[in-house]
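Multiple structures are listed underneath, in structure tokens.
Here chain A shows up in two complexes: once beside chain B, once beside chain C.
And now, the complex of A and B:
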């Protein structure tokens, strides 16, 4: 049964309250970055500016009763751009505003609500935001059944929620192995997703417009690939503060197939190229080149990552979001476009690429990165939500042994610093570097 | 709750839950029979039976530690996974001629990766199980089952014809029918069999040659049907729901407090036998995919199916006259965390008493379990 107008209005008022706070948080970040003339800071500022614009667009749609979607990156977000449909991620708060002052209170409130504490904190928080009415109700939703169990359960719980029950949701089903059969199947799932969005928003997908968008996103991925190559340089031109997460956010969420995003990539490549030519690294003396094989600890990266650079001269040359070997989508016809998008979103998109299928996929990535990026050690942070990754720790260790590169498994919560505190992480890292004779 | 029945069949079932290789299975092996391990109840066992082999549902029975598995997986992985992998690494599963998986959860799917690398079993295969159950997914799974036949045949040098598959379907349907007859008896005011005993019957059914099992089960059902004895000394009729639970001792503790488990939604319970594979369908692969992925009650991991799962629970509550629901899950299991939360909300709306329990695969935690169950019964006014 569709959600009635009155319920929708009440939910919207409350949902937008938190949403505006988040927007203001990014606005504050943008204003702070504006005071820093450094080129890279300005590049970061462009990302926060785009984020603020996006928040504003959703708020406007909500106020003017125009359609907007709650969607996901690894389900062909090119479609939203082509349909001119604003969208947001219900999981965005833990990922984007993780350093927001209220995050810890939210984590506690989620626990009080009875959401199991061994369940990924990002999922727990996202469900809490909906149960507590802190997310603006979209016109319709695209959920996520990969890469992890937690995401599957989150989206089931969202459609079950008493108030959100009236919001239609569609999820694409992810095949497990990488092969042509999987691509064909997933392409069909994407087509069904388009039909679902059309039916629920009244918008139509124009194939020519989609082609244009995909051509533009191809350019973004080409530039991303070029950038990823530049990071192989010794010393590494950028560390944890710039790279994969931003490239991912721009190409898959904020500026999918849009020229402003492509320009951002061009600036990134040009700034980085200059640094590489000049032999400038992110820190004056690079001593350890590490591969961080997970997402960043969004909730508390400022407490750990700079310390690694300052204390140990340790530079994050690559991380999970950054290593995504994208193939250009063939834009000849509808069939090639959808199959290309299927491949990109299933087998190449970060997180899904590493966590969705068999271990061989991420195992080959680790081997590639270690060789290509002259990595001194591999760190598997082991986010408490990443059960598949933690269930693979032995395989990761063995690959590293074969490559003769030290391996460390920490075990932490990317969003909640209390799980393994930054101090405990630093201690583990120091002991590891010391024992391995690094730094 | 003391057992009321003296049954040879029941005793054999109970013994089969205490070990991996029960005497019937050992006899099968001694005669040169092959056995294929199955990780998760979504593996279509009919294909294995049609090949002339015995399907064996993977367990961690008898495991006392996880030292070897802990070099592969981590402490945030579920204890079933750690114990069963540990047994595999110790060679306790060397009686298997092959192992089949589905990508049932983030923990189990990684056992496949470790097994492939570390354990010498000649035939391993993972079937890609969809996470939704609309027509396209049923078609996908139909093809997965067909590919399984095509891969098993040449590997083992057997041909699994459609006719043999239909025969296997009929055989396993017979098992399901007998198991449902057993559950029918539990609808009685004073059920003749406890929840712990029932679980033993169900677990044994995943570890014995099916014809042999069916014969024994028929004997038990006949005995119980004729018996006038029943359990009258219970304080409440309980439904138990959750994921992998293969240890009757866990239910024994619950029942020791007077909470008689009369029905369940477990993958060693009703979810494995409610309904039957359609013997009149056009082809056996479609029939199997339809049953496994849609017709029978589904597991937590199937998106879009939660309202049906919830409706199934409510229907069981009605049919078995259930007073309260206990949901158990293994710590670290994401699928059942989500499911427990949703079921809890649904049952709250329906006004049905409900409690969530966390457990470890090997260590039952009897003391704490007793306290929680007692408190639950008191809360229900029993």
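And now, the complex of A and C:
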């Protein structure tokens, strides 16, 4: 049954209250970054400005009763851009650390609500925000049935939520194996998704416009790949503070197939090329080049990542979201566009690529990154929600043994610093670096 | 007969077909040993030979950009007599003839050695991504594709496909000593010419994936599917999972207890 107007209005008022606070948090970050003249800081500022703009757009749509979608980066977001349809990522708040000022309170409130603590904190928080009415209810929702059990559970819960069950939801069905049959199947799923969005928002997808957007997004991915090569330089021109997370946010969430995003990538490549030519690293003396094979610990990264650089001279040369296995989408016709998008979203999107499977991606990605980026050690943080990856830790260790590169599995919560505290992580990392003769 | 031997015939038929169509084909024969392969090369080969990265502005030619077309695969045989040791076949323009070009790129590496087995295939796959081992040559770090750059500097010194082929042969023979003979096919003629090669590559890759799954399984890992069909009752690790659940339960009780007593 569709959501009645009164319920929607009441939910929107409450949902926007928190949403505006998140917007203000990013505005504060932007204003702070504006005071820093460094060109990399200005690049970061552009990302936070883009983020603020997106928040404003969603707020405006909600206030003016215009359609907007809640969805995912790995469900062909080029489609949303082509349909001129604003959208937000359901897991946006934990992913962007947008709840930073009250993250711990939110985690505790989610637990008090009865959401299991063995459940991925990002998924748990996302459900909490919906259950507690802290997310603006979208016109319709694109759900996610992969890569992990927690994502599926989140959507099972949302679709049964007393208030949100009135919001139409569509989930693309992801095949497991990587082959042409899988690509064909998922391309068809994406077409069904388009039909669903058209039906529920009143917007129509124009193929020429989609082609234009995909061409622009191809440019972004090409520039991103160029940037990723620059990080192979010794010393590495940038560390944890700039790179994969921003590239991901721009190309797959906030500026998908849009010229402003492409310009951001151009600036990123130009600034980084300059540093590589000058032989400038992110820190004065790079001692350890590590591959952080997961998301950053968004809930508490400032308590760990700078310490790694300062205490050990350890530079994160690559991480899971920064690796660029993307192939350009062939824009010749509708068929090639949807198959290209299917491939990108099934087999190339970060985390989904490795976690849904096949498990060999964990091994093959490590093998490429270790060789290409001259990596001294691989760190699998072992986020408590990434059980899929932790089930493959044996494979990762095995491949690292073959490559003769030290491997560390920490076991932490990327969002809740209390699970394994930053001090415990530092202790573990120090013992690891020491025992392996690194640094 | 090794698992990939049939593909030697398919590759030969592919080359013969392009020859019939009038494509320019060059064949070069290189000496067998690593030292002789490297002797006289205009570039250094080995770990650290290409210490930096090749920037866009320093690029003489690019090969395998997905827009231009890219197809790369490798296979092996345990019968060296089936491989023309040291043969490099080039179909299409060579690097020195292509300044500023973005060439379509096909690369087929065929290795032979009586000691080679299925277990070596993964190592061979990893070896083809040469990282910093060939001066002036950089394969971009992206999965599956060979998308590479040749620097202006080494192009001026005469870096061509013979250089690349000899360097690759040396790298493989150094890193996988079981490789006794090697033959290479490069295709740069057109994107269309890569189509039939890609069909052969798809079959080879499918076999490789099955070998890989079997290899992981032999090492005790289910890389592709749960052997127990998702039925935990038949999984030998079930007691471990049960114990973890018990620990969580105890931990939760501990967390609740102080509140209960305080109340």
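The working rule: the second predicted complex is superposed on the first by the 437 of 439 C-alpha atoms of A that agree within 3 Å, B and C clash if a C-alpha of one lies under 4 Å from a C-alpha of the other, contacts with A are read in each partner's own complex, and residues count from 1 in each chain.
To be clear about the criterion, contacts are C-beta pairs under 8 Å (C-beta built on N, C-alpha and C of every residue); 3 or more make two chains touch, one makes a residue touch a chain.
None of the values given here were measured: they were computed from a predicted structure.
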Item to check | Clash or fit, chain B versus chain C on superposed chain A | outcome: clash
Next on the checklist: By the touch definition at the top of the document, which applies to A:214: first (chain B), second (chain C), both, or neither?
Outcome noted: neither
Checklist entry - Does the superposition put A:233 against chain B (first), chain C (second), both, or neither? => result second
Item to check | Which superposed partner A:395 touches (first chain B, second chain C, both, neither) | outcome: both
Item to check | Contacts of A:371 with chain B and chain C, given as first, second, both or neither | outcome: second
Checklist entry - Which partner does A:225 reach: the first (chain B), the second (chain C), both, or neither? => result second
Item to check | chain A: partner with more touched residues, chain B or chain C | outcome: B
Item to check | Partner chain in contact with A:326 - chain B first, chain C second, else both or neither | outcome: second
Next on the checklist: Between chain B and chain C, whom does A:159 touch in the aligned arrangement: first, second, both, or neither?
Outcome noted: first
Next on the checklist: Taking the superposition on A as described, I'd like to know which of chain B and chain C A:358 touches: first, second, both or neither.
Outcome noted: both
Next on the checklist: So in the superposed three-chain picture, is A:277 touching just chain B, just chain C, both, or none of them (first/second/both/neither)?
Outcome noted: second
Checklist entry - Given the superposition on chain A, at which of 56-64, 74-82, 200-208 or 218-226 does chain C overlap chain B? => result 218-226
Checklist entry - Where on chain A do the contacts from chain B and from chain C line up? => result 118, 177, 358-360, 392, 394-395, 398
Checklist entry - In their complex, what parts of chain C are in touch with chain A? => result 51-53, 55-56, 66-67, 123, 126, 129, 131-132, 138-145, 206, 209, 212-213, 216, 219-224, 248, 252
Next on the checklist: Can you tell me which positions in chain A touch chain B when the two form their complex?
Outcome noted: 114-116, 118-120, 127, 143, 145-146, 148-150, 152-157, 159-160, 162, 171, 173-177, 182, 185, 188-189, 192, 355, 358-360, 382, 384-385, 387-388, 390-395, 398, 409, 411
Next on the checklist: If we count contacts the way the header does, which residues on chain A are in touch with chain C in the complex?
Outcome noted: 117-118, 177, 179, 225-226, 228-230, 232-234, 273, 276-277, 323-328, 357-360, 363-365, 367-369, 371-374, 392, 394-395, 398, 402
Checklist outcome for this item: As the complex stands, chain B meets chain A at residues 71-77, 81, 103, 105-107, 109-114, 117, 126, 128-132, 136-137, 140, 300-301, 303-304, 306-307, 331-332, 334-335, 337-342, 344-346, 349, 356
